[in-house]
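Consider the two complexes below, in which subunit A is the common component and subunit B and subunit C are the respective partners.
Moving on to the complex of A and B:
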């Protein structure tokens, strides 16, 4: 969990907005450190978290989580964390001709054209289960985290099917269950004459940005590579209920081993 | 206050945690203890880490140097005693394996005759090298001795000799599916995923896949605008990533980028890999930039690996170039060659005049 990011977004594990849809995106950079932040944030806040880890192994998130002060293994044992390990489970689905019902969430691998209903049912089931831990404690509002959604495009799922999935998730998680949703989408470079964009991640990102309440977009510095400033993050406060904020701010950041620091443009410690 | 002990000064005993698995040819990273292997090129090892469980993708326009790097990677595996798996659709895997280079000592600088005082001075560190030597050097002018090569256990997959298998309902075309099954079988049978108890010392599997994505793999993503299998290559890489993460293996894949014109597909390939580099050779181009005089090409780092850690080791600069000097392939930071022309220390008066503009005439009395 990054304290500076908490103060920028004005939220702490003790007090944060509910029914929030946060979209994290990046272009030619890697914004997965923000997903790690939210994972640690919501686990600390005592929420029930459903994490769709589609691109890294559980041990990767666990190792980073340790650095940020949360134990994923413990959270999973207690029932606070439901983790879908996409990479490991996909091998069985695609190579083993196994059609048992446990592989339903990843059914899009075998038939990408059929959509993501199986995945949605998995999310819904995990969130609607009574969230009582071993000690009888009940968890906070449910949270859905996805890392990352754009990999589904590489596996043949269409943009339309993914947008349908996020709409269903938002209706269930945010409106019905008063929970939050944080999704990572990785985009390609904008290309003016790119005709293939009907299938592209840029279209997905644009579609999702209209649905979300808060958009964090990470890019490299426009001036080129720098060792001390790893990139810039644009925070776009969009809408909240009936109010439309539409406020944008850009920050620079540097990712360390145990966290990340954010600062206003031009105030990096390497420069001052 | 510590209770006094009769025999020893202190009763403190360090707990030895030997949790780090020790495998020949690997070393733990200083940053997070993650196991690393050498790629066979020491300057490449310095640029970024080669984690076990990671996938490296190499783009090369004309496949000239990427093939050489693949051979270095496999040769390093032979020398370290790792197991190899090589898959290829164009050249027979045996040809690639037989073409590996012989390990040798690094070039020793000869003794100097005139400037002997400077003999013991450290050389300028433009070539990337770390103080801890990891990996071996190879002499590209000599092929590896057969005894050394045959001592290594090697599995190969040659697409043209495989019988096509009907894959049923798999969205992957037959060659990719067969290759993945073959890799999975080797991992299971040899125990790289920990499924079979390894009575022998644990080992690493090095996977090399040559020219993935070309038409010889049954993939038409490179040659058609609307390919029938536009997601086959990316799905293959996704499953390969999963296999690598769940076993003690590391993979190097070369992709002929001149065949893949679709930048969206290349972007997805880069994001599905851990490390992605692109080699841009100057061969065939009329490159007259003096900056590139000593080099054979540029090395672009498209993506750095980020395994089990929040941030990866960040290099000083991403301007890297490579050259093949006599026997070795090295990667260096791009820098200007020393200016050895005669006029280097004397600025001619006309140049000075041109630079100073209107005050040129007035400065005459200041010229010594």
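Moving on to the complex of A and C:
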């Protein structure tokens, strides 16, 4: 959990906005450190977290989480964390003989054209289950984290199907259950001549920006590589339904071993 | 009267008003103003809400007319996955919509609002979609159709098709001024006349629209020609001017590479005596007596 990011976004584990859809995206950079931040943030806040880890193993997130001060294994045992390990489970789905389970979470691996209804049902089931902890504690508002959604594009799922899935997740998580959603999308370099962009990650990102409340976009510095500043992050506060007052700000950041620091442009400690 | 206000108040019969937005500026606020204006006129408004919840769409609308608003729940289940919707995207066809409206009230000309057309286009063939729109316009049950389209989520061709079907297209974009946005309105009347305007607008809390004209060329000051051009040869410590004799002498100077007749004859004068070239043409040679440079106008 990054304290500076909390103050930029004006939220702490004790008080944060609910019914929020936060979109994290990157282009030629790696924004997964933000997913780690949110994972630690919401676990600290006592929320029930459903994490769709499609690109890394559980032990990876666990190891990073350890450095940020949260224990994923413990959270999973207590029932606070529901973790879908996409990599491990996908082998089972691909090798199984029985093709009748259309509503399995990873059914898109076998039939990508059918859409992500199975995945949505998994999310819905995990969130609607009453979370009874060891001491009978009930968890806070539900949170859905996805890392990362753009990998589904390379598995053959269409942009439309993914946008439908996120719409349903938003309807359930944010509107109905008053919880939050954080989704990571990785974009490719924008190519002006590329007509194929119609089915690409940039189209997906645009569709998600339309749906979200807050968009964090991570890119490298436009001037090139720098040892002390790892990139820039644009924070875009969007209000659904409000035509104006969309605020955008850019910050620089540096990722450390145990966190990341954020600062206004030009105020890196290397410069001052 | 400002064109956007005109369109908002007018809602001419058989019209299809298209509101186009992008990630940079959302058109939902404007859509809400249209809904509010229609309600205030006493018209029945049917909203096919696929992307936004009813609470969001109805927030801020005039309380006294809200009973004339019929929100058909697509959201939160626009595709029918959880069986909680009253109208799924699949049912976006003229017969279903017409039936839906007839079921709700006596068949009176009403306003159909679609939020959003992008979701419909994701799930329907563009050709079928266009046919549906045309059938709805000519059906008689619906007076006006108002749709929201996210133009950056579709191919340009698709956006073009939908714009072509519309009688009025309003594209919203952010303005430099944070308090307003820019709306580019293109309206085609039945007589074929096309009106186009760019105006500033802002949506108030009570879903009313405030429109302002955009200055023709904001910040563009007409350049005033300098009447008196400065004379560069004045106020110098050295002399750049020519006296009369100097000017005449200058005009007489023969420029080095201009080939005048005198120079030509001076250079080409054949010298008698040694150095003659004897040329005996071969059978293959094409010997031409004429001077090839004769036609040069040098």
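Definition applied: the second predicted complex is superposed on the first by the 257 of 272 C-alpha atoms of A that agree within 3 Å, B and C clash if a C-alpha of one lies under 4 Å from a C-alpha of the other, contacts with A are read in each partner's own complex, and residues count from 1 in each chain.
Note that contacts are C-beta pairs under 8 Å (C-beta built on N, C-alpha and C of every residue); 3 or more make two chains touch, one makes a residue touch a chain.
The model shown is predicted, which means the values in this text are computed figures rather than measured ones.
K.L.:
Is the number of subunit A residues in contact higher for subunit B or for subunit C?
P.N.:
If we count touched residues of subunit A for both partners, the winner is B.
K.L.:
Touching A:255, do we find subunit B (first), subunit C (second), both, or neither?
P.N.:
A:255: touches subunit B, not subunit C.
K.L.:
Quick one: classify A:164 as touching subunit B (first), subunit C (second), both or neither.
P.N.:
Second partner only, subunit C.
K.L.:
With both complexes overlaid on chain A, does A:87 touch subunit B (first), subunit C (second), both or neither?
P.N.:
The answer is first: A:87 touches subunit B but not subunit C.
K.L.:
For A:176 in the superposed arrangement: first (subunit B), second (subunit C), both or neither?
P.N.:
Touch partner of A:176: subunit C, not subunit B.
K.L.:
Of the two partner chains, subunit B (first) and subunit C (second), which one does A:209 touch, if any: first, second, both, or neither?
P.N.:
In the superposed model, A:209 contacts subunit C only, not subunit B.
K.L.:
Please indicate which partner A:270 is in contact with in the superposed arrangement: first for subunit B, second for subunit C, both, or neither.
P.N.:
neither
K.L.:
Please give the residue numbers of subunit A that touch subunit C in the complex, ascending.
P.N.:
It is residues 117, 120-121, 124, 160, 163-164, 167-168, 171-172, 175-176, 198, 203, 206-207, 209-211, 238, 240-246 of subunit A that touch subunit C.
K.L.:
Touching subunit A in the complex: which residues of subunit C?
P.N.:
Those in contact with subunit A are residues 23-30, 32, 51-53, 56, 59, 75-79, 81-82, 119, 122-123, 150, 152-153, 155, 172, 174, 178-181, 202-203.
K.L.:
Going by the contact rule at the top, pick out the subunit B residues touching subunit A in the complex.
P.N.:
31-32, 53, 168-172, 177, 180-181, 184, 230-231, 234-235, 238-239, 241-243, 245-246, 262-264, 267-268, 271-272, 306-311, 314-318
K.L.:
Which positions of subunit A touch subunit B when the two form their complex?
P.N.:
30, 32-33, 36, 55-57, 59-60, 63-64, 67-68, 86-88, 90-91, 94-95, 97, 109-112, 150-151, 153-156, 186, 188-189, 191, 194, 196-197, 199-200, 225, 227, 230, 255-260
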